[in-house]
Amino acid sequence: MGRYVVERVKSGIPGFDDLIQGGFPKGTTVLVTGPTGSGKTTFAVQFAYKGAELYNEPAVIVTLEERAQDLRKEMATFGWDLERLEREKKIAIVDGVSAVVGLPSEEQYVLEGNLNTEDFLRYIYRVVKAINAKRLVIDSIPSIAFRLHDESRIREVLLQLNTILLEMGVASILTTEAPDPGRGKISRYGIEEYIARGVVLLDFVEKEVELKRYLLIRKMRETKHSMKKYPFEITEEGIVVYPSGEVY
Amino acid sequence: MGRYVVERVKSGIPGFDDLIQGGFPKGTTVLVTGPTGSGKTTFAVQFAYKGAELYNEPAVIVTLEERAQDLRKEMATFGWDLERLEREKKIAIVDGVSAVVGLPSEEQYVLEGNLNTEDFLRYIYRVVKAINAKRLVIDSIPSIAFRLHDESRIREVLLQLNTILLEMGVASILTTEAPDPGRGKISRYGIEEYIARGVVLLDFVEKEVELKRYLLIRKMRETKHSMKKYPFEITEEGIVVYPSGEVY
Amino acid sequence: MGRYVVERVKSGIPGFDDLIQGGFPKGTTVLVTGPTGSGKTTFAVQFAYKGAELYNEPAVIVTLEERAQDLRKEMATFGWDLERLEREKKIAIVDGVSAVVGLPSEEQYVLEGNLNTEDFLRYIYRVVKAINAKRLVIDSIPSIAFRLHDESRIREVLLQLNTILLEMGVASILTTEAPDPGRGKISRYGIEEYIARGVVLLDFVEKEVELKRYLLIRKMRETKHSMKKYPFEITEEGIVVYPSGEVY
Amino acid sequence: MGRYVVERVKSGIPGFDDLIQGGFPKGTTVLVTGPTGSGKTTFAVQFAYKGAELYNEPAVIVTLEERAQDLRKEMATFGWDLERLEREKKIAIVDGVSAVVGLPSEEQYVLEGNLNTEDFLRYIYRVVKAINAKRLVIDSIPSIAFRLHDESRIREVLLQLNTILLEMGVASILTTEAPDPGRGKISRYGIEEYIARGVVLLDFVEKEVELKRYLLIRKMRETKHSMKKYPFEITEEGIVVYPSGEVY
Amino acid sequence: MGRYVVERVKSGIPGFDDLIQGGFPKGTTVLVTGPTGSGKTTFAVQFAYKGAELYNEPAVIVTLEERAQDLRKEMATFGWDLERLEREKKIAIVDGVSAVVGLPSEEQYVLEGNLNTEDFLRYIYRVVKAINAKRLVIDSIPSIAFRLHDESRIREVLLQLNTILLEMGVASILTTEAPDPGRGKISRYGIEEYIARGVVLLDFVEKEVELKRYLLIRKMRETKHSMKKYPFEITEEGIVVYPSGEVY
Amino acid sequence: MGRYVVERVKSGIPGFDDLIQGGFPKGTTVLVTGPTGSGKTTFAVQFAYKGAELYNEPAVIVTLEERAQDLRKEMATFGWDLERLEREKKIAIVDGVSAVVGLPSEEQYVLEGNLNTEDFLRYIYRVVKAINAKRLVIDSIPSIAFRLHDESRIREVLLQLNTILLEMGVASILTTEAPDPGRGKISRYGIEEYIARGVVLLDFVEKEVELKRYLLIRKMRETKHSMKKYPFEITEEGIVVYPSGEVY
């Protein structure tokens, strides 16, 4: 057997793929983590949107913190027309909010209010198959835990997601909350980073009286990657990473 | 579809709108957080009062930490005549304290003593509709949790508030307590900042033996904003932010 | 309506009123907090004693950590003759200790051993009315919580106290314990400072090998106040604040 | 009424009384706290022993961490002959260990194995009366809590002890454990220091690679005291404080 | 009896054996710990693979965080052909994931979904015997705890593993998660490091804006070892340690 | 009564006795604490072995973390022939592991699998008497707690051990785990150091990128001792302390 060559999935984030040998390994579940306002949702949706638009890789977005319609509007500020790609069956957005807040939903893909782990995984599996998705975004893990009414099972759910998505060859991004990255707490439950096969931290560093954004790849299986803190910005076209920039 | 243009809501805080492209995005729920004495209530009421007075946008203020009459008196020290605007149906104050402390209330809008989440949301919805409010202030989230006798449901309540207010196009400010911002604890329950679509931190920095006030925008969806710490003061006319000032 | 002018209540602490526009706002509940030995009880009793003696404002002192007789003796070291003012109906001391430790009490005002929140509030209300008190001191909040056998209700009790006293126009001081002010823990339960309308921190700063006392006004509704750390001393006449002194 | 003059109780610790206007106030309960090996037991026993020997003030020592016979032997290393003073009815040692460890005791004063708060307080009261004691030492509070199988009642027990001893005019020292004085944790339960009328901290400061002992008076009711860290040593004659020494 | 000479087991990690007198002591259970992305799985598998390939010591790998097939693929990026060694009966991989995530497995060695401690230990024992293994890798301890649904028994399980493996003369590596090595938390449960006979920490140190990898041997029974932080890299051939390199 | 002269027990650790007036006080229970890999077991066994070999004081070693046979082998690396001294009835090793891990034991002294506090203490008492031991080692306290299935009783067990061993005149060493000595957590349960009559901390200090070993005597009853951090090494002959060395 010759040396195994890893298939790469383009992130769609300008500057980012240079840091990870050209893209995420196929089938890898990547955790995108950071404190509030760090750009996690933007990073995840950009990955899905650009995949569908530029690389013809359909993507499923499971939104558990805002409704599909609110997400579409928010992402339109970056000039991303999610609706068009949805019509072209290149994007499917699963509305995981309407039912739980008691509002009606006219979305095609809707998560019910009462949900157990198996239903959740099965539904995602079905939508992925429906558009033959190659990418998946779930925003966010704490919202899954909250929806399943059982935070103690989060390790099991993550392990299942991780394995099933790898089996399906779907590259996925899961987001989680990082209460205090500077003190080593880079995830809500302290276990997400161990289960995921890749971990990207979006965070801030204070320089004088200003917070500067940086990105750090903490882990990426099957990938030789730098461990540097790279500056990034949230521009009018979405996230841009500067591989040769300096944070400080 | 052309690039989506975000409608902006003037904050009524001098100097602040310059930091967020002219105002809050319409329908956005903004969390105003900080330790005790940081000016959260003043910020929130100023947003409601100035909206009603200067921009003809009626506002509902839900006060859960002091009675409506005490709030009116306190705000009068800034020369704000809430009562007049109430008579003009531009402001409605919901008294969320009298019932719980067992005092009679002669207010028009009163929250009952025993309240569940749905009653609470429904009541707010009704008052917003009654004066056709465009702005809403709830002071504070920990007091909601305390009133609902269930802190574990706070994530759900916030998600509901957030979504319903967005649906109604009402710009709202919710306040919460920040035990220790310097160590990353910028909210009472550690989740408020993730659910809200905008987060404004009011805090202090010690300079020699004096605490200096500063304001930091940690998150604002659909908005390009600076991440600098800006000095602000609580003057005799309310809060004033200095976008070109220096904290240190 | 012209600008509302806040009525001020003299603190009786030399140097202190200069920091808060001449005195506490009428009806305000002020939290006096600090670690052990910081002078909280002295501050609170001085406020009551001087109010009765100098400004003819009768005061009620609810003592929950030492018996009335022990408090009288202790305060006599400052030359304060509480007994005389009690005879003149200008001071009433409520003994909240004897019953709970199982000692007989010959005091006029005594709290029973088994007490619920409502009894407690009603009793205080009665004593305040009995001497037509304008000032109230409760020493301390943790002792109330301990007496009521329910720390979880402390938020509710404080909200009730706060509102009722404001309604009665009684200026009051409540004391609480601050385990670690330097790390943002400025109250026993982490909520007292949010409910109170004013917060005064008495603390120490280490200078070389000596602890220096300082006072910091963290919050004072309806009042423009400095946020500086002011040095103070506990002299033979009680607490004296030095508004122009330097802590370091 | 003239200014009240506080009666002073000599500590028996050379150098210490200079720091507290000549001695402890009569009837005061003083908490002696510190980490392991800081000299708490020595300080407390020296107070009892010297009181009985030099000032003719009988003392009761309640030993809950080692048996009376082990304490006697240990204290003999300082040349203190407890046994002689016991024969002279100037010292009574209450053995609070033998019963709980299941060893027979030939001591005159023995605490039973199963003990409730009231029995405990009543027994101490009886021994104090038996030798007409003016001083009392209880070593230590955590051991009381452990003996009473109820740490939650420790606040009540301390309040009772504090008040009853004050009533009896007995000056007492209670010891407790301070897990981390440098971070504000100066007592095992975080409440002992608030209940006691005096607090003396015995601690270490690291100077280069050596721990230096210091003593700090954090609180002393009815007493003007310095807040400096004073060096002390445990010599062959017991504890000696250096009021004019430097810790660093 | 002459001085006992310890039999050494080559680690297969270039540069590492120089630090521990030529290799791990025979039968020793070594804990490999570190935060996410520190190289724990690579270290452990390299130990197994190189043992089988270079030293003819068959190895069992129990994989509890990814399926056997995913592990094989990942390790192929280092040019390690696990499958070939499995065919030669030099490596056995126990798939501990498929059953728990509900996927079918075609592996020869599979852990069932519901498992108690004894079944788990017995199964491992059987596989070790089946290929006459001299090395064992279990990745990871938190996954065992999660599988056994009982974190409180983890101390017992580790003690059993440790002793039985020592009895069998099998050198083993167990991995665990280190939430915050810089603050002394070098294992998930805070006890793993005490039970294991050897502890190797893989961690990062931040140098300017880059994380640098280092390795520290915290414990190695029967072995004289340095306590220095050595730099290491994850190269295309696996982990390489630089005994003469500098971390800073 | 003349000044009491304390009988000293030689530690068997070169350089150590110089720090404590020639040796441990007779009958003293000493806690040896430190993080993993600090040398606690070596220190304790050296004390037992050297006592038996050099000073003709028989010793009992209760090993709760590894089997007697594993301990013997490990200690043989220091050239210590425990077996010979066992045959000469100068050493007795109590195997506290075999039963709990389910392995047969051919040892003479074996702790049963299910054990309560009284059985445990009684068994130790019996073995001590059997060889007329003057020294006792128990490795470790957390393992006792784990064996007794009741961590809450650890204070009681320690008090009993402490007192009974003092009564028997047996000098003993108990080991415990210190999670984070630098932050004041010098024992697993935070109480061991208060019960023991002596406390020796074995720890590391980081110097550049290397951990240096040091020893600190935190407490030693009846003994005048230095509070300096002394360097020590684990040599091929066991632990050696350098009383005149420098840690930094």
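For reference, chains read A, B, C, D, E and F in written order, and residue numbers begin at 1 within each chain.
Here is the rule we use: contacts are C-beta pairs under 8 Å (C-beta built on N, C-alpha and C of every residue); 3 or more make two chains touch, one makes a residue touch a chain.
To keep track of the chains, here are their UniProt names: A, B, C, D, E, F = ATPase.
Quick caveat: nothing in here was measured; it's all calculated off a predicted structure.
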Counting one step for each move to a touching chain, how far apart are subunit A (ATPase) and subunit F (ATPase)? 2
Listed by label, which chains are in contact with subunit A (ATPase) and with subunit D (ATPase)? none
Interface overlap for subunit A (ATPase) and subunit B (ATPase), more than half of numbers shared or less than half: same or different? different
Rounded to the nearest 5 degrees, what is the angle of the rotation that puts subunit B (ATPase) onto subunit C (ATPase), matching CA atoms? 60
Measuring centre to centre with C-alpha atoms, which chain is farthest from subunit E (ATPase)? C
How many Å are there between the centre of subunit B (ATPase) and the centre of subunit E (ATPase), using C-alpha atoms for each centre? 52
List the centre-to-centre spacing of subunit A (ATPase) and subunit E (ATPase) in whole Å, with centres computed as mean CA coordinates. 30
Where in subunit F (ATPase) do residues touch two or more other chains at once? 183
Pick one for the touching-chains graph, please: line, ring, star, complete, other. ring
Should the ring be read from subunit D (ATPase) with subunit F (ATPase) in second place, what is the ordered list of chains? D, F, E, A, B, C
Of all residues in subunit D (ATPase), which touch subunit C (ATPase) in the complex? 1, 3-4, 6, 155-156, 159-160, 162-164, 166-167, 183-186, 190-191, 193-195, 197, 199, 214, 216, 218-222, 224, 226-229, 246-248
Looking at the complex, which residues from subunit E (ATPase) come into contact with subunit A (ATPase)? 35-37, 65-67, 70, 73-74, 76-77, 79, 81, 83-84, 97-98, 100-103, 140, 142, 146, 177, 179-180, 182-183, 204, 208-213, 234, 236
